[in-house]
Every structure is written in structure tokens, then in C-alpha cells.
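Should a chain be cited, it is by its letter among A, B, C, D, E, F, G and H, assigned in written order, with residues numbered from 1 in that chain.
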Amino acid sequence: MREILQKLLDKEISIQDAEKMLKTSHIEELEDFAKIDTCRHLRTGIPEVIFAENKEDEDLLKIILNCAQNGHVMVTRLSKERYELLKPQISVLSDNKFKIEYNRRARILVIKDHEIGKEGKIGILTAGTSDIPVAEEARITAEEMGCETIVAYDAGVAGMHRVFSPVKKMLEEEVKAIVVVAGMEGALPSVVTGLVDVPVIGVPTSIGYGVGEGGFTALFAMLQSCAPGIAVVNIDNGFGAGVFAAKLAKQTLK
Amino acid sequence: MREILQKLLDKEISIQDAEKMLKTSHIEELEDFAKIDTCRHLRTGIPEVIFAENKEDEDLLKIILNCAQNGHVMVTRLSKERYELLKPQISVLSDNKFKIEYNRRARILVIKDHEIGKEGKIGILTAGTSDIPVAEEARITAEEMGCETIVAYDAGVAGMHRVFSPVKKMLEEEVKAIVVVAGMEGALPSVVTGLVDVPVIGVPTSIGYGVGEGGFTALFAMLQSCAPGIAVVNIDNGFGAGVFAAKLAKQTLK
Amino acid sequence: MREILQKLLDKEISIQDAEKMLKTSHIEELEDFAKIDTCRHLRTGIPEVIFAENKEDEDLLKIILNCAQNGHVMVTRLSKERYELLKPQISVLSDNKFKIEYNRRARILVIKDHEIGKEGKIGILTAGTSDIPVAEEARITAEEMGCETIVAYDAGVAGMHRVFSPVKKMLEEEVKAIVVVAGMEGALPSVVTGLVDVPVIGVPTSIGYGVGEGGFTALFAMLQSCAPGIAVVNIDNGFGAGVFAAKLAKQTLK
Amino acid sequence: MREILQKLLDKEISIQDAEKMLKTSHIEELEDFAKIDTCRHLRTGIPEVIFAENKEDEDLLKIILNCAQNGHVMVTRLSKERYELLKPQISVLSDNKFKIEYNRRARILVIKDHEIGKEGKIGILTAGTSDIPVAEEARITAEEMGCETIVAYDAGVAGMHRVFSPVKKMLEEEVKAIVVVAGMEGALPSVVTGLVDVPVIGVPTSIGYGVGEGGFTALFAMLQSCAPGIAVVNIDNGFGAGVFAAKLAKQTLK
Amino acid sequence: MREILQKLLDKEISIQDAEKMLKTSHIEELEDFAKIDTCRHLRTGIPEVIFAENKEDEDLLKIILNCAQNGHVMVTRLSKERYELLKPQISVLSDNKFKIEYNRRARILVIKDHEIGKEGKIGILTAGTSDIPVAEEARITAEEMGCETIVAYDAGVAGMHRVFSPVKKMLEEEVKAIVVVAGMEGALPSVVTGLVDVPVIGVPTSIGYGVGEGGFTALFAMLQSCAPGIAVVNIDNGFGAGVFAAKLAKQTLK
Amino acid sequence: MREILQKLLDKEISIQDAEKMLKTSHIEELEDFAKIDTCRHLRTGIPEVIFAENKEDEDLLKIILNCAQNGHVMVTRLSKERYELLKPQISVLSDNKFKIEYNRRARILVIKDHEIGKEGKIGILTAGTSDIPVAEEARITAEEMGCETIVAYDAGVAGMHRVFSPVKKMLEEEVKAIVVVAGMEGALPSVVTGLVDVPVIGVPTSIGYGVGEGGFTALFAMLQSCAPGIAVVNIDNGFGAGVFAAKLAKQTLK
Amino acid sequence: MREILQKLLDKEISIQDAEKMLKTSHIEELEDFAKIDTCRHLRTGIPEVIFAENKEDEDLLKIILNCAQNGHVMVTRLSKERYELLKPQISVLSDNKFKIEYNRRARILVIKDHEIGKEGKIGILTAGTSDIPVAEEARITAEEMGCETIVAYDAGVAGMHRVFSPVKKMLEEEVKAIVVVAGMEGALPSVVTGLVDVPVIGVPTSIGYGVGEGGFTALFAMLQSCAPGIAVVNIDNGFGAGVFAAKLAKQTLK
Amino acid sequence: MREILQKLLDKEISIQDAEKMLKTSHIEELEDFAKIDTCRHLRTGIPEVIFAENKEDEDLLKIILNCAQNGHVMVTRLSKERYELLKPQISVLSDNKFKIEYNRRARILVIKDHEIGKEGKIGILTAGTSDIPVAEEARITAEEMGCETIVAYDAGVAGMHRVFSPVKKMLEEEVKAIVVVAGMEGALPSVVTGLVDVPVIGVPTSIGYGVGEGGFTALFAMLQSCAPGIAVVNIDNGFGAGVFAAKLAKQTLK
């Protein structure tokens, strides 16, 4: 600020210019905190993210094409049916050096004009095969944010030995955190946390029936775990777990 | 019935006697199903059971003294303070060859005029030290119903090795069922069921806080277990688990 | 272990062999607890079990064909529509001496290459006709695990006399446990437990509407029963009840 | 109204009088619907009712003394401790020919200057001894509203025979309705409704623990009963059940 | 019983006959309480009732045709689509002097071979037009049980004057009870109870959205009403309200 | 009233006329409070409102055509599909000088024979694009009730700077209240209330998943806001927010 | 800003002064949005507000004395016992021309060094006497924010006539909004909204028992009201209702 | 293992010694996964942790004295009253070079015989002063696990500017994660996550009333946050947040 004032005194700039420059610097300061965020923008080096559910087809398409201009966009919760519908209009982007990848299980569409470098590593574990879609959402999210992943799917507590081996491997590979995805009684994250020193991120899934319907039992079991060192995201929120794990892994690179 | 009718024909009994005897035999038949049950009576060879909570002191004392006449009575949910209050009036029974035992942790008072023989064996396991009172309630209930017990307290999933050893011992001792008592995330019964072939009876406890307060997380986790072979009783219901396990063990003796 | 060491000392085996054998014996020991469990495997003499819901068709088929190699597999929660879809590919197994049985009500598919012997007997009772599918799931599960069953469907508390007769018959046939399946207010298990000495396994169903929707009223009523001797499984969990009852019955055969 | 107008025309009354009288008659007409209700007033021949909870001592006393002037007042939810506190000031009423009765179990205080005649009869049944206070609240309420009562306490479904006898007696005495008070799993009203033709009024109580805490299980079980012919009041609402039953019984006298 | 015994003594019947007759009389006695109830049977002078939901088409048809033999059957919760499906097979009954009536709104099918006489009168009121189907279910149920009805639909508290007029009319017609059907905030039964002396039966409906979805708000508001004299049935349970009201009205005829 | 009585005395009217006139004046007085309200009528200068959900097509059409006679009617919760269905029959109104407008997002149909003047101004803000339909329902409702609106959609707390600008603009335009529509964690109304002095009306939406499904998290967060000056309407109740805001704005014009 | 720059150019102030002044003006600008808020500060002309619950005595005292320096402070949720405890230390303020007022029912302490002028008027209504404390909290809050109030306590729907009269009076006095406080079934706000054109602010209270315990029934009934024009605050949140109503009334004065 | 075998072959050890050593090494291997965990042990370089709630005084003391032998123990959820009670017996440890520190707000007792080195830094933020105890629990836990902390208490969303400054400072100090503690509507973690790139750990507190009672609103709001990058621990679980944050910070040091 003092610079601007000095320039004013030195008559290098007019009083109008000074006023304008001061206002701008003020806004820039504000924007240190509240950056332009047009498509649920995450910060430097990471893709724009669009949540497809609850958006109408026409709106969704417009937002995708618009955000793709930034060079890296990720569309989450996009069903295969819907993707097929939008495909023709989106594929025009492929002419412009864009790479278009759709993962059916994760229900994620990625559009990018450059490869994503990867640093830092996390592990992803599921309790059952039904939990795989949520784990895949976490995996792709983390990878698109520049994070390496190791996965091991179907390692439930009903067969304890199936837990030991993949956890051991993840520790050997020095993962910075383990994302544990589980529905039903949600016991796996507790068991894993009892075995490791790295932070565990629990992802409850809505897999279950009767009292377990909707995933609340799994969620509450993870929050209530008697093994300290777990933090939890929303039910079926593979995306959130991926972002959190990637942010965590990035801290270890600084 | 034919006997009675024959006696009538043989004039051994009058028509009034016959009518009375038939009515009585009718009631006896009904009682095959709906036996006299004055103090929440369990069936042959087992104690009368009195639930102390929600009963006024005066009423409770009267019922205890009355039921004690049957030779074996168990009072559950009787706090130490309350027991001390009733002690003087109850201790008169000790003159009449009654043995009076109060277990503070289990909050159970037992009064009996004979020793209880024991056959059949069950195991009782807890996840944490805070779950012990409920486990003790189950233990004493099962023992008073004539069942042997082996206990292992404080075997949580956060330290998996502490689970293996007592479970192994119980299997070696050929328990007929394992009662697993756990609060918090209620994962222990799932883990144990994954390890054994005998039926597992889950007892959720109200130990927990935040989302786990009241014990619903533990209850739902047990009901939702991905390991088949668990059945569950109400939160903190050590008594019910003890009765169920003892009934189960008795079936193996027939 | 000593044997291996002795052999080493006796030079019968090399130090490499000894190391390998010790590691293997270690793993075998571990596997006493944590056996290979590839398809939600239950232990000796019982079928592999596959839960069909939340699995994609392709995956499901692959798992079925794979598990069938063990000689006895059970697929639960498989709707008729889905079964019809998979039928052509599954029926190839019938050429290989496999017997293929599908029960529409129970939504269970059984594939086996040998007959299942039956020992031990349990009773299964339902409160209403709408509870029959869950009861059938329990029945087939128990039978495939080698347990005899007697069933009596539609015995609700609104017509008390309909309860007495089948319960009496089950007691005469010396069942080791009674599975009681009920939706709505879930009162039948309490009433039955008041009548019998064998363990009662309550199975709440999601039959009901308004406050009873989803089956929570029935579940909570069973857990809260004033008649001791009931343990409960998850809502609509006929499979779990069947496994528990069969495990229980097996204990009585030892 | 015509009478008043005629009197005006006949000059028996002035136009001011007529206006005043018409307004009064108007209010009287309104009061057919919305009668003066200063103390939660019930209608003709029944006591004023004051709910003691959530009222401060001073206010409560003032309202009691004020309402007593109407000759018949009932104070509900008044604990013994609180009654003892208010007793000295209330007892002055006893000089004025008022009869003062306090029932500790029902927590009801009745003050009246005349005896209450009784017509119509209802039955009141409880599942356990712990439900008696709520039943007593219903009994006294119904009696103060001019209704005869027959009671049978402690008739739970765990001992089915104890249900038959009192229900039979009530039918023989031609009760117009049966109030069934039950906590825990709340099964008794269903069972009773299956046995009788008269309307059954279910009163859930908050007796229970774990999943039954607060009385919701009992409430929902009654609402969800598979036996048609039950209507239900709020948890622990003996007063409401008494009023409803008395209103019902009065209908039968017209 | 004495008669039978006398006949035996008089040699009018053999001892075998006597035994058989006594057993039969015993059963008849039992049936005073637990009558044969094959199709959710209500007692004398009332139709058999079949709940169509959760029954398979084939089973449903069989039960209907079977129960129709008793001369009067009511099928509830039968959607128009389903009725159309069953119509051809059911219509054969019309040849046998059976009258077949289907009410689309109430979703009730009535089959009877005689007209139902009507005595006793009840009122039925709804808060909104959306509540009419539930009210119609109550109306037809009550009428088939031999009860006269007066209805007034669409009388919500948002327009208080619309409440006064129909309530007044019902009182003039001396209804014995008023069934008040309301969704949303469920305030109408409270308001009506504040206006009348007859018992009010509240029927919450599942009409509502947001916090009111499923009808719990309406249910709880009715149970919690500050106007005493309401009893409540399950959400959308027009059938239960109709049965209760009809039973109530019958009491007034004795 | 005195006027009528005077006329009677003056013999200008007969006693019959007087009686009739007095009764009428009485009703008129009553109608000051309880006005004729045939189609969920709002008061002077505002449209009749019809809630389309839970009404059958035929009934709905009849009510629309009937209410349209009043010159201004609004049909809410009318899906596009349903509107297309009713369109042919409704369009006959357009011949009679009626203007017919359907807003797909808001799901509102407006029929009117005159333009609505606008006074008073309110702001409407949404947290995300998915909340727009509810905001549009509020906007059209407020406008049809004669209120000006300024809208700013998609201003979530994840990008704080996007909140500041539209709020500032609304304050500059001197809105009398701000309607803030938000799903998910429902934080936006708290943040806005912390920034402004005008009343904030929170509208939670059902946008969310996992723990946020149904909108309860957003609702409870708004009710529990630590910033005082918010009042809240039901989940997705844009209509209610619009009515409340318009009523509020009208107060400022008096 | 231009003024400061001009002064700098005119050498009236130094560059350091200018920098400091600009920073201050910047903060002032920021404070248009995010004002200094040390004690849950409300904006111009209104008191600082301190929520006493969950604060330790020592901290609370310090905050009170500190905030009092602003000339007008309000402490909410301060029990009488606690006030008595703090009184000695607070009363020193009375020497400094501060007026100290404590309202026991509202549990509010007000400290101010000037009288609060009053403009704009709101009505406050309660359903029962038990709701008065919450209404008083609303009243004092509104008055301290410079708003006139008219109150009418104890106007429940069980006595409809008691509602009409105070509502009429409030309308005649031209209140800008009516705050309606109600527990139990929460029906009063719906009824009042059906009668008036001004905005209604519903305040549910925790008065109730059984299903109504905690106030959720009242809250949901108000949110779900079929009468449009209600907005609602948190359970027992008289303070929030008072702030909202006062903000609303202020809008009408501009 | 090979070493031991070699020693055996070299006759340096006996076969008994070898067996014993192998078993020990086996256990050590097992302990890689399931370490000895007598006092809810966390791994290398971190204190033993004892949860004081639900443990009886005598047991608690014994466990504390026992665990203290490991040189570093932390007792959580220990109220001041209880600490005072245990103080005399614990203070004997101070003679043995143990340092004993009790933090009243955090309710944590730390006993250690050496200073804890600190590496890695985390920030801790609270929304209100009432959230401080939970934040202090997190702070002490993290510090005892060897982590530096920066705290900023009382930064709620109702005064947005109070959020900016401490968050900026934390970023400048390069914290590896920010623990955000908030009750009420739980909006602060969303707002902070929108401002920063480091992982945010949300800790809901039970501060709140009405719909916010118990902390579920805050918990669900954090889980449902529209700003990705938050993970959450149980309500009031400052300890869990501290452990998670410290584990996370340790990852960044490797």
C-alpha cells in the first residue's frame, strides 16, 4: 500500500489512479481467501469438480464444456446412462487435444488436456465387493489430484486373515494414509486402525439392509471406534475421502 | 380324563367330584402352556426372577420374601444402595437355611436354600472393562440357571491379539455358545463370529458417547454383522443373554 | 514345532527347509482362526454362501461358478427375474452332476453335487402369511446346513388358539430351538417364549406400514420382550436366523 | 333469540337491555362450541383439570384455589413431595365442606364438595406392576368423570393364563371398553383385542430400557397391532385414556 | 358339563362319547376367547377381512374365494389395478347371489350375499381433500360392520369456519364418535375435541412433505393433543379407525 | 346491532327479519376471522392457491377451473408432465381473457385475468444450482402476491466471495427481507444473517445425500444458527417462504 | 477514501497517517459486512448479547463487565441461582449510572446506561401457561431491541374462543407480526395464521411428554402447517424469535 | 528366524531355547500387527491412554499406577472432582521423578518421566467459547503425541472477519492440518475448508439446544459439507481429533 501512496506523492499517478489501485489491492487481498471458484473449484494443480446429480442435462453440459477450458475437469456422480447421453456433445472436445475418460464403477468422467503427475501415496481398502464403486470414486479423485494409490478390495472382518496381508503391503509401500471403505457393521476401519500408525479415513457405504439401511450403522460405528486415529466422511462419499487423502498426502511433500 | 369318567361310572366319585376334577385337569392342561408365573417365573429347575427397577421398596421386599419360599430367587437390577436398604429385612431369611449372595457389579441378589448343580458350559467375553457389569449379569444369571461359565474380560478389536487367546481357550473347553458383550462400535461379536463355529450371542452395552450414546450403534452393528451366526439381545440386557445361553446349553444335555 | 527343530538337529532337513516349515506351521496356526474364506465361507460341512444383492450380474455369475467347485453353494437374495437371467449359464453345471434348486419365495438358489444329511431339528413359525418368504429363507438355510425343520405358518396373536397347536407339536417333536418370524407389532416371539423352554430366535420382518414401516417396531418389540429367552437377528434376515439355529442345533449333537 | 326480540317489542325490556341480552345469547351460542375453559375445563358434570407439571408452585396454588370454587377439581401429575408442600394452604378448603383426596401412585389430587355419581363401566388392565401408576391415573380420572371401573393389574403376555381370567371377568361385568396399560414390548393390548369385542384403549408406558426406553416401542407396537379395534393415547397418558374411556362409556348411557 | 356327566351316569352316552363331548365343550370354552379366525376374522355379525398388500395374487384369490363362503368378506388395500386383474375370477361369485362392490378411493372390495343392517351412527371428518381415501376406508369398514356414517370432507384448521358447521351437524345427528382424518400438522382432531363431548378418533395420514413426510408429525401431534378425549390409530389406518368406531357404536346399542 | 333493533322498534322490519338480520350479522362477525376459503384462499389482493400433489387429475382440473373464476389462481407442485396433460382443458380459459403461465422449474401454473402490481422488494439467494427450483417457487409466489424480487443463484459458503457481492447489492436495493435457499450443510443463511440487518428467511432443501438426505441437516443447521435473526420454513417449501416474505414486505408498505 | 488521498496530497497528513487511515477505512468497509462482534454483537442501536449457558462463571462475569462498557448488554439463559451468584460483582455497575434488570421467567439480565426508545409493534401469544418463560424471553429481547410488544398468554386451541379475542386486539393495534409460542401439538400458530394477514413467527417449546418430549412435535407441526405465512425458530428459542420480530418491525419504519 | 536356527545348529543354544526363542519371535511378528495393548496403548513414542469414564475409582487408580511405569500416560475424561479424589495416591509418583499435570478444561491428566519433543505443527480453531474444552482436549493430546499446536478460540461464522485472521496466521505458520471445533449449526469447518488447502478435521460438539441438542446437527453439517477436504470425528471427541492430527503431522516428517 505504501508504494501506491508514495507514487501518488511523487505524482507518478493521479488521485483517481491511486484510489482505483488501492481498491484493487484490497480485492486482491480478499481473494487470497476467497478465490474465484466458478465450478466448485479446488485450488492450484487440481481439477475443477462438477457434481452431476440434481443438475439438468442442458445445464450440466454447459458447465462441463465451460469448465473444460481450464484444462482439467472431473464430473462426479454421473451414471453410465447419462454419460452415454452427453457423450456426443462432449466428444467434440477430444478433437481439441482433450483426453476423455469415463469410469463406470466410480461414475466419474475426467476431461483433461495434460497428464497428471503423481506424488505421495495412499492405500484404499474395502470390506466387501459391494463397496468397490465408492472406493473407485475415491481412487480416481485422489489420482486426478496427483496422488498415487494402492488398492485392495474385499477384505472383511469375517475373514480376519484377508485383512492382514493387504494392510502389511500398504505399510511396506509407505502409504501416508489408508482410506477404508465399509458398509454393513462398518468394523473394518476400527480393525485397521488397531493395526497401523498412519491416519485412517473411514468411508461408510449405504450397503446394508434392515437396521443397516442407508449406511448410518457403518457411519456411527466408525465415529464411535474404540481405536483412535480415524476420521470419517459422509456415507458413500468416495469423492470427499479422495480429496482429503490427497490433501493429506500433499502435506507430506512440502 | 378317561380315568375320572371311569371312576364316576364306578361310583368311586360323585358327579360333583367328577366335575371338579375335570375342571382341574383342564386347568392343568392349560398350564402346560401357561404355567403359574407369580414372580416372572422361569420353568423347572430355575430360579424365580424379580426385576427390581420401577418397583417401590415396600412392594419389592414383599415380592422377594414371598418368592423366596420357592427356594431359589434372583433379584436383578438391584443397586448396592438399595440392597443395603433392604438387607436387614432380607437377612432374616438367612436364619432359615437360606444363602444370600449379592454381586455389586452385576447388581444381582440371589437367595437360595440349596446349591445349584452345573452342566453345560458357555463362554462370556467383553470388549472393554466398562462392559464388565453387563457381562457379570449374564454370568450370574447363567450360573443360577445351572450352567458353567468361562469369562474373559477386556478383549477389544483395537488389540486383535487379545481376542485370539481367550477365544481359543473357550473353543478348547468346548463351550456351547459365546456371549460377547460390547459397547462403542460393537465390532467384537462380528470378529468372534468370524473365528468360531458355535453360536454367538451379542450383547450391546450403552457404553459410548456422541453418536454411540445409548448403545444403538453397538446394537445395530451386531444386527448388521457380515458374519452369520450372531443373535442379539437388548442393550445392557445381560440377564436376557444369560437366560438364552443357559437355555441353549440345556438343549445340548438332552 | 519341536519336531521340526529335532529334524533340523538330526540333519534330516536343511536350515532352509526348517525355516519354511516353521513359517508354514505358523500360518496353519493362524488359519485355525482365520480360515480361507473366499465366498463368505462358512465352516466344515456347510455351503459357501453368496449374497446376490449389490453385486453386478457378471461378477455374481463368476463367483457362483467359482464357488460351485467346492461342491455346495447357496445364493441368497436372488430374485426370480435375476435367476431367470443367469439360468442358462448356470445350467451348464447340471451336466456335471450338480443339482440346481431355486426357491422363489426364499429367493435362494442352491447348487450341490451331493445330498445334505440332516441331524438336529428346529421349528419355524410365522405370524402372518406375508412373513413366509423370510421364514422360507431361514428354512432352506438351516436345511442346507444339515438341520431338520418343522414349519407352521400364519399363527398370529390375534387368534391365540392358532399359536398353541403348532407350538405344542414342535415341543413334542423335540425341536432344539424355535425361529419365530413376525412383522407388524412383533408380539408372537414374546408369546411363544412365554410358552416354551427352548431358545427362541426372533426374526422381525419389514411387513407393516405407518409406524411399523421398515420393521423397526417388530425388531424393538422382540428385543424388549418381557419374556426372557429370546435373541434376535436383523430385520428380514431369515438367512442369519437359519445359520444361527443350525449352529445351535449342531451343538446338541456333539 | 325470538323471545328477546318479542320482549323488546312488548317493551318489557329496553333496546340497551336487548342488545346486551342478544350479545350474551350470542356468546352462549359460541360457547356451545368454545366454552369457558379457564382451567383446562372439561364439560358438564366433570371436574376442572389442572396439569401440575411445568407450573410454578405459586401459580399452581392460585389456580387450584380458584378452580375449586367450581366444586370439583382434579390436579394431575402432582408428585407427593409437591403435594406435601401445598397441603397446608389447600387444607383450608376442607373447612368449607370440600373433600380433599390425594392418590400417591396416580399422582392426582381431587378436591370436591359433592360425591360423584357413577354410571357405565370400564375395565383397566396392566401388563406389569410397574405400569400401575399410569393405570391408577386412568382409573381415578374415569371415576371422577362418573364412570365405574374394574381393575386387574399385572397380567403380562409372558404368562398367558393370567390374561384370560381378568378379561373374562370384565366381559361378564359388561364393561364398555378396556383400557390396557403396557410398557416393554407393548404386546398385551394386541392379545386382549384378539379376545374381546369391546373397544380397547392402549396406553403405552415408558417402562423399558435399551431400545424400549421412553416407551416408543410399546406405543408403536400398539399402533401397529394386527388385531383391529385398538386406539391409542400418548405414552404414560393415563389421564387421556381415562377421559376417552369415560366419554365412551357416557355415549352408551344416552 | 354337568349335563354330560349326568347323561353318562344315566347311560345315555358311552364313556367314549362323554370324553369326546367334554373335549369339545372344552374347545368351545376356549373358543370364547380364541375363535376360529382363518381370514383375520372379526367376530359375530361382521365380515371376514383380508389385507391384500404383501400377499401374492394367487394366494390372495384363493383366500378371497375361500372366505367368501362365510357370506361376507372385505378385502382392504386392494389397488384398482390389482382388482381389475382379479375381477374375472372373482366375478364367478356374482352368479351365486353374491354382491360384489369395489370402492376405488378406499381400495376396498366387498363381497356379500346379504345386506348389512345399520345401527348406531358415527361422524367422519377430513382436514383436506388428500385425506379422503383414508376416510373412505374408515367409512366403508364401519358401514360393513353395521354402522351408519355421516361424512364431511375438507374441513381444515386454516379455514376455521369450515370446521364449525359439519361438527355442529354431527352433534345434532347424535353421532357416538367422530373419526377425524388429517395429515400435515394434524391439528384438526385437537380443534374438534375442544368442541365436542363425544370421543374423537384421530387418524393421521401420510400426506405431507419435508418434516411431515410419512405422517409422523400428524401422528405425534394427535397423541400430544392438549385437548383430552382423543385416541389415535396408525398412520393411514382408516380400516382400524372404522373397526374401532363401529365397535364403540355397538356398545351404545346394548 | 343497535341499528337493527331500532328498525325493529320503528317497525321498519318485522321480528322475523330482525332475527334473520341479527343471525347474518353474527355470521359476518365470525367471518371476520374465518373467511370463506374454498381453494386454500389467501386474503385480499392475493391469488387462490391449489396444491397439486395428492390430488387426482379430475379433481384437480375441476378445482382449477372453479377457482380461476376468482380472477387469479396459482397451482403449486404441478409437474411438467402433469401440466401437459391438463393443458388442453385449461387452455379454454385463455379465450376468456385469462393469461396462463407455467414455470417448469418452479412447477407453478398461474392463471389470471389482470396484471399483478408490485410493491415492496425482497431478495432471494441460493447456495447451489440444485436449489434453484425451490428458489423459483418462492420467487413466483412472492411476485404473484404483489412483491418485487431480486435473485442471486449459486452463492455457496465454499466460495465466500460469491456471497458478498449479491448480498451487498440486495442491501443497496433496500430489500425488506432475504430468502436464503440451501441444501447440504445449510450454512449459507447463518453466514448471510451475520452480514445483514434485515430478516433472513431460511429455506432448507432436500439436496444432499448420506446424512444430508431429505434435508434435515440443512433444516436443523438453520434452526440452530448461532446468528440471530433467521426464521425457517419447511424443507423445499419455497411457496411458504414466498408467502411469508410477501406478507412481511406488505407490512412495510402500510 | 478520496478525502484521505486529497489530504495526503495537500500535505495535511503524512504518508504514515494516510496508510493508517486507509487501513482503518478498509476495516470499516469490511465491517459493513463483518462487524466487530466480540460478544455476539448485534448491529447499531441494539444490545450486545451474551448466551450464559455453557460458559463458566468466571468467564461469564468477565465478558459481562467488558461488554457493559458498550452501554447496553443482555445476558440470556441466566438462571436465577446463577444471577444471585454473580449479583454482587455486577452490582458495582449500578454505581456507574447503569440500570440492572433481571427477569426471572425470561432468565434475562439487562444492563444499560440509557433508556431504549420503542417503535414498531409486535404481538406475542402463548398456547399455555407453561410456555410463558419462552414468550417472556421473546418479549424482553424485542423490547431491548426497540420494539413495542402486546402479549396474551394462555390461548390454546382446546378453547377456541380464547384465541379469537387477543388476536383481534392485536390486529386492531396494528402489530407488524405475531410471535406464537406453543408446545404440545403446536397447533396454535396454524390456527392464528389462518386468521390473520401479518407474518406469524412460530416458537415451539419443549413442553410436552411422551411423543412430545423435547418439542419436536410442536416444531414439525409448525413447519408442516397447512396455513401459509408461518416461519419458525428453534425449540425454546424465544431470543431468536424476539430478534427476528424486532428486525421485521424495523423494516416497517424505514 | 534364520539366525536362531543357525545358533541351534551351531549348538550355541539348546533345542528348548530355540523353541522358546522362535515362539517369542513369532509373537513379536504377530505384534507387528497386534501389539501388547494393556492400557489402550498407542504405538512407539506416544503415551498410554486411559479413558476414565465408566471405570470405577479403584480400578482406574490401579490402571494409572500400572501404566505410569511405561513412562508416559494420559488419562482422558477425568473430571476435576475425580482428579482431586485420586490426587493423594497419584502424587506418590511425583517422588519418582514423574511430572504430573492436570488440565481442568481438557479434563486430561498427564504423567510422564521425560519431556515430549515436538515436531510438525497443527492449528486448532473453535467457533465459540463453549467449544474450548473439546479444543483443549485435542491440543493436549496432540502435544503429548509430539506435535506443535497453534490455537485460536472463538471464531464463529456470525462474525466472518474473526475467521479470516487466525486462518491466515495458521497458513503462514505452515500448519499441516487444521482442527476445527464447532457446535450449534457446525458451519465453521465448511467455511475454513473453503479458505485453505490443508486437510481440515471437523470436531462437532454437543453445544446447542432444541434441534441441536447432543451435537448431531453440527456432526451432520460437517459430514455434509459442500466444501471437499473435511473429515470428521465423533461428537466432543477432542482426543480422537488430536490423535488423528498428530498421526497426520507425523507423516509429513518422514
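Criterion: a residue touches a chain if its C-beta (ideal position, glycine included) is under 8 Å from a C-beta of that chain, and two chains touch if they have at least 3 such contacts.
Source: prediction; values computed, not measured.
Asker: What pair in D-F, E-G or D-G shares over half of its contact pairs, by residue number, with B-H?
Answerer: Looking at which residue pairs coincide with B-H, the repeat is D-G.
Asker: Between chain D and chain E, what distance separates the C-alpha centroids? Give it in angstrom.
Answerer: Roughly 26 Å, centre to centre.
Asker: Per the centroid of Cα atoms for each chain, what is the distance between chain C and chain D, given in Å?
Answerer: 51
Asker: Mind checking the centre-to-centre distance between chain A and chain D? Centres are C-alpha means, answer in whole Å.
Answerer: Here chain A and chain D have centroids separated by 60 Å.
Asker: Measuring centre to centre with CA averages, how many angstrom lie between chain A and chain E?
Answerer: Spacing between the chain centres: roughly 56 Å.
Asker: In chain E, what residues contact two or more other chains?
Answerer: 33-34, 37, 40, 158-160, 164, 194-195, 210-212, 216, 219, 223-224, 226, 234-235, 237
Asker: For each chain, which other chains does it touch, given as pairs?
Answerer: A-B, A-C, A-F, A-G, A-H, B-C, B-D, B-E, B-H, C-D, C-E, C-H, D-E, D-F, D-G, E-F, E-G, F-G, F-H, G-H
Asker: Given the complex with chain B, which residues does chain A contribute to the contact?
Answerer: Spelled out, the residues of chain A in touch with chain B are 127-128, 156-160, 184-187, 190-191, 193-195, 208, 210-212, 216-227.
Asker: Please output the residues of chain C touching chain H within their complex, sorted ascending.
Answerer: Residues in contact with chain H: 1-2, 5-6, 8-9, 15, 18-19, 22-23, 26.
Asker: For the complex, which residues does chain H have touching chain G?
Answerer: Touch list, chain H to chain G: 129-130, 158-162, 207, 209-213.
Asker: Quick one: which bits of chain D touch chain E in the complex? Just the residue numbers, please.
Answerer: On the chain D side, the touching residues are 32-34, 37, 40, 42-44, 49, 164, 167-168, 174, 176-177, 194-195, 197-199, 201, 219, 223-224, 226, 228-235, 237, 239-241, 243-244, 247-248, 250-252, 254.
Asker: In the complex of these two chains, what residues of chain G are touching chain H?
Answerer: Chain G residues touching chain H: 30-31, 33-37, 40-41, 53-55, 59, 204, 206, 214-216, 219, 234-237.
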